[in-house]
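Below, subunit A partners subunit B and then partners subunit C, in two separate complexes.
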Partner chain A sequence: MDVIFEWFRVLYDETGINLPFLYDAYDRNRMVDGFFTTIRLSLVCLFFSVLIGVVGAWLQGSSFKWTRRIVNGYIQLFRNTPPLVQLYFFYFAIGTMLPTVENDWGGQSPILGSFAWAAISLSFFAGAFNVEIFRSGIEAVPKSTVEAAEALGFSRLQIYRDVTLPLAFRVVLPALNNNLVNLVKTTTLAYAIAVPEMLYEANQIWSDNVNVTEMMIFLLLAYFVLVGILVGGMNRWERAMRIPGFG
Partner chain B sequence: MSWTPAEPMVSLKDVHKSFGTLKVLNGVSLDVMKGDVICIIGPSGSGKSTLIRCVNALNDIQQGSILVEGQEVNDPNLDKLELRKKVGMVFQQYNLFPHKTALQNVMMAPVRVLKQDKAKAEATARALLKKVRLEGKEGAYPGELSGGQQQRVAIARSLAMQPDVMLFDEVTAALDPETVGEVLQTIKDLAEEGMTCILVTHEMAFAREVADHIYFTDRGIIVEHGPPETFFKNAQDPRTREFLSQIL
Partner chain C sequence: MSYKTDLPVMKPFKPREPEPLLGFRPWHIVVIALLVFFGPSLAFAQAGVPLLTPFAVLLDWVPLLLQGFIFNLAISFLAMALGTALGTLLGLGQISLSRATRGVSWFLTQFFRNAPWLVLLFFAMFLLPFEINLLGVSIPFPDWFKAILGLSLPVMANVSEIVRGAVRSLPSGQWEAAESLAYSRRQTLWLIILPQCVKRMLPPWMNLYSILTMATVLASIVGVSEVMTLTGQALAAEGGRPELLAPFYGFVLLLFFAYCYPIARFTVRLERKFAVIN
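So, the complex of A and B:
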């Protein structure tokens, strides 16, 4: 491994192509941390945004007018505002209104850090789209299939969980995949509130080394590979979910 | 109120139903005793399907009374689950769960709704699929089965809930002529075992063969009814006679 890392140092000495996050242990750690922060933020947001989508679509079918109105209001708010503004809103507006806690050095820290706010903000952002995506899938499930479940004595929740959702899920997978790919890319916005994710760490490195071009090329390729892996996984999943003779 | 088999299992009294301003049922009354097989026939739009969909509360009614084993269906506090445990239904378009295999389709309601043990439900489901002559198709998805096979899975799925009465809503209307026979045979087997059946059908020969009683509906009322022999040979009402002359 060290041989490879040293090769990049030689590369820099010989050609001026500077990739310090490969030959320098300190920068390497920063990049690895950034990479895993991006992965962690993506996974947390993927999970919660899908959860919001599933629960929101269920609430949209509620017989209470106000439940439907609140869900619709949430969708409008988060779909019609820029995600960066949402992020700032959560971090600076909501964040500063919350109480602080004493930290290890006797000072005051916000109760939620920038990572938590990024996770909340981006989950709500992608969740709003996911509600609409799941709703379109639920509407595609034939009413007669739901009726058959009703006739068998299924409750509304059982019908949603065992019939509507599994069928809707298969219909919406392509649209859901699109939105989740977007979500992973949007995690770079967390840079704006100093979440040490990949873009942020890359920025730290190019500030120290003045190698903006190299870092930009690397970032572009890194996201291309990262999202490519996600898309590949999603496509496999889509194929695995296919029902023989259906759709 | 406890129900005894001496009373009608299903009893409709002066049932009125409308969709908005459209009156579909205009005072329908009929009684079905335990073990009876009754067929409801009539022209399209005469309210046949609506009539049986009211029996298991898939449609609500505006006026009148429907009793199923003494339980009033036209009641805002109706326990739909209790009702639907007693009443099975088979639809024209089968309406199987497309993401479940034949076996899973049959097992699902007993496991989820009746909270039956999985192993027990599976054994029952396998026996039922055998009964509807679908042995070997347990692992097939609905999309891999023919219409007639799907409809027989749907019948098995209903039977798995051990209903006391079965509703059949034009269950052969969407089938190819060559597969109609296998579905009708399955229903005939059930009727012979003593299952109480209410059928909406256009299969006159079948109605004549299996029904204990035929009801002819038109424009939301029962025009005429009687046992098959007298009904088909000796229809009194001109509307019945016209309908029969067109169809026979």
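So, the complex of A and C:
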């Protein structure tokens, strides 16, 4: 491994192509940390946005007018405003109103850090799209299937959990995956509130080493590969989960 | 082929557009917005020294912020125009008969579609020169121009996919009928296929425009003085009072909502109008 890393140092000396995140242990750690922060942020947002989607779709089927109205309002508000401004609004406007806690150095720090706010804000953003996706999936389940389950004595929650959702999940998968891929791309916005994800760490490295070109090209390729792998995996999954004879 | 049955396993699935703010009258929205944005700041204001209320401060800055917002819209128009022009070429490249053209267009489309918008924006910002020398004349590349180029790259890739999808969605009978009437390929494309595609492309194109408009705030991260940058500067000029944060950021949210929500509704209506009933 070290031989390969050293080769990149030689490459720098010979050609001037500077890739410090390969030969310099400190920069390498930063880049790896950034990569895993991006992955972690994506996974957290993925989980909560799907959760918001499932719960929201269930609430939209509620018989209370105001529940439906509030869910609709949430969807429209989050779909039609820029995610970056939402992030700022959460982090700066709401974040400053929350109480602070004492940190290890005796100072005051906000109760939720930038990572938490990025996760909250992006989950709400992606969740707004997921609600509609799940709801249209639920509506694709025929009424007769639900009635059959009712006749077998399933409760409302059981029907939703054991009959409607598994069927709906399969048809919504392509639309859902599309949204989740978008979510992964949107995690770069967390850069704006200094979450140390991949773009932020790359920025740190190019600020220290003045190698903007190399870092920029690496970053583009890294995201291209990351998203490409994700899309490929999702497509395989879609094929595996497809309902035979449908669509 | 679809057939009719009384008991389908699953009904057809199509991601649907969200409902309008159901039953909300415009004044409902105003009241809720006021509560959300100014309610919390009232709590701060009670303990404070007699300063201007947050609302009055915001009112002072509204003209400047609106100017910034108009700049955002200008960026979005230009980036959309450039992206659409390039994307249409790329999309036509994707359905070209030449294998090499198809391959290159496909790769470019996928590459710029998979890269995050912000990374592409950084790419354009830092790698383009601040001026270029052409025949001894130096043409400056201001920040906003680089931002337009950076934003038009993902737009280009998405338009390319929209064009390809629309052409693919037409029944092949159209091509065959044109061929039997002795139209050349170019004539078929320009006189028969593309005119029919425009209708299909319009709703996703407008969706893309709305996404682009919301992405123009990204330019603030790389230092273009659009509405978000101006908001930050206004807040700094007011001495960073915490009770001002919510009204100011809320106002920016409201601006974008007021612009993008009607576009979204109009898109839904167009989609319904152009929907093909099988």
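The rule we apply is simple: the second predicted complex is superposed on the first by the 242 of 247 C-alpha atoms of A that agree within 3 Å, B and C clash if a C-alpha of one lies under 4 Å from a C-alpha of the other, contacts with A are read in each partner's own complex, and residues count from 1 in each chain.
By definition in this document, a residue touches a chain if its C-beta (ideal position, glycine included) is under 8 Å from a C-beta of that chain, and two chains touch if they have at least 3 such contacts.
It should be emphasised that the depicted structure is a prediction, and the values quoted were computed from it without experimental measurement.
*Asks:* For A:62 in the superposed arrangement: first (subunit B), second (subunit C), both or neither?
*Replies:* Neither partner.
*Asks:* Who does A:147 touch here: subunit B (first), subunit C (second), both, or neither?
*Replies:* first
*Asks:* If we overlay the two complexes on their shared chain A, which of subunit B and subunit C does A:235 touch? Say first, second, both or neither.
*Replies:* Neither subunit B nor subunit C is touched by A:235.
*Asks:* With the two structures laid over each other on chain A, which partner does A:135 touch: subunit B (first), subunit C (second), both, or neither?
*Replies:* A:135 sits against subunit C, while subunit B stays out of touch.
*Asks:* Which partner chains sit in contact with A:207 here, subunit B, subunit C, both or neither? Use first/second/both/neither.
*Replies:* neither
*Asks:* For A:29, decide between first (touching subunit B), second (touching subunit C), both and neither.
*Replies:* Neither partner.
*Asks:* Which of the two partners, first being subunit B and second being subunit C, lies in contact with A:108: first, second, both, or neither?
*Replies:* Neither subunit B nor subunit C is touched by A:108.
*Asks:* By residue count, is subunit A touched more by subunit B or by subunit C?
*Replies:* Touching more of subunit A: C.
*Asks:* Does subunit B (first) or subunit C (second) touch A:97, or do both, or does neither?
*Replies:* After superposing on A, A:97 lies in contact with subunit C but is clear of subunit B.
*Asks:* Quick one: classify A:216 as touching subunit B (first), subunit C (second), both or neither.
*Replies:* second
*Asks:* Would you tell me the residues on subunit A in contact with subunit B in one complex that are also in contact with subunit C in the other?
*Replies:* Overlap of subunit B and subunit C footprints on subunit A: residues 142, 144, 167, 243, 245-247.
*Asks:* For the complex, give me every residue of subunit A touching subunit C.
*Replies:* Touch list, subunit A to subunit C: 65, 68-69, 72-73, 75-77, 79-86, 88-89, 92-94, 96-97, 131-133, 135-137, 139-142, 144, 167, 171-172, 175, 185-189, 191-192, 199, 212-213, 216, 219-220, 223-224, 227-228, 231, 243, 245-247.
*Asks:* Subunit A touches which residues of subunit B in the complex?
*Replies:* Touching subunit A from subunit B are residues 56, 58, 80-81, 84-85, 87-89, 91, 93, 95-99, 108-109, 112-113, 140-145, 154, 157-158, 161.
*Asks:* Subunit B touches which residues of subunit A in the complex?
*Replies:* It comes out as residues 142, 144-145, 147-155, 158, 162-163, 166-167, 170, 243-247.
*Asks:* Along subunit C, where are the residues that touch subunit A in the complex?
*Replies:* 7-24, 32, 40, 43, 110-111, 114-120, 122-123, 126-127, 210, 214-218, 220-221, 228, 242, 245-246, 249-250, 252-253, 256-257, 260-261, 264
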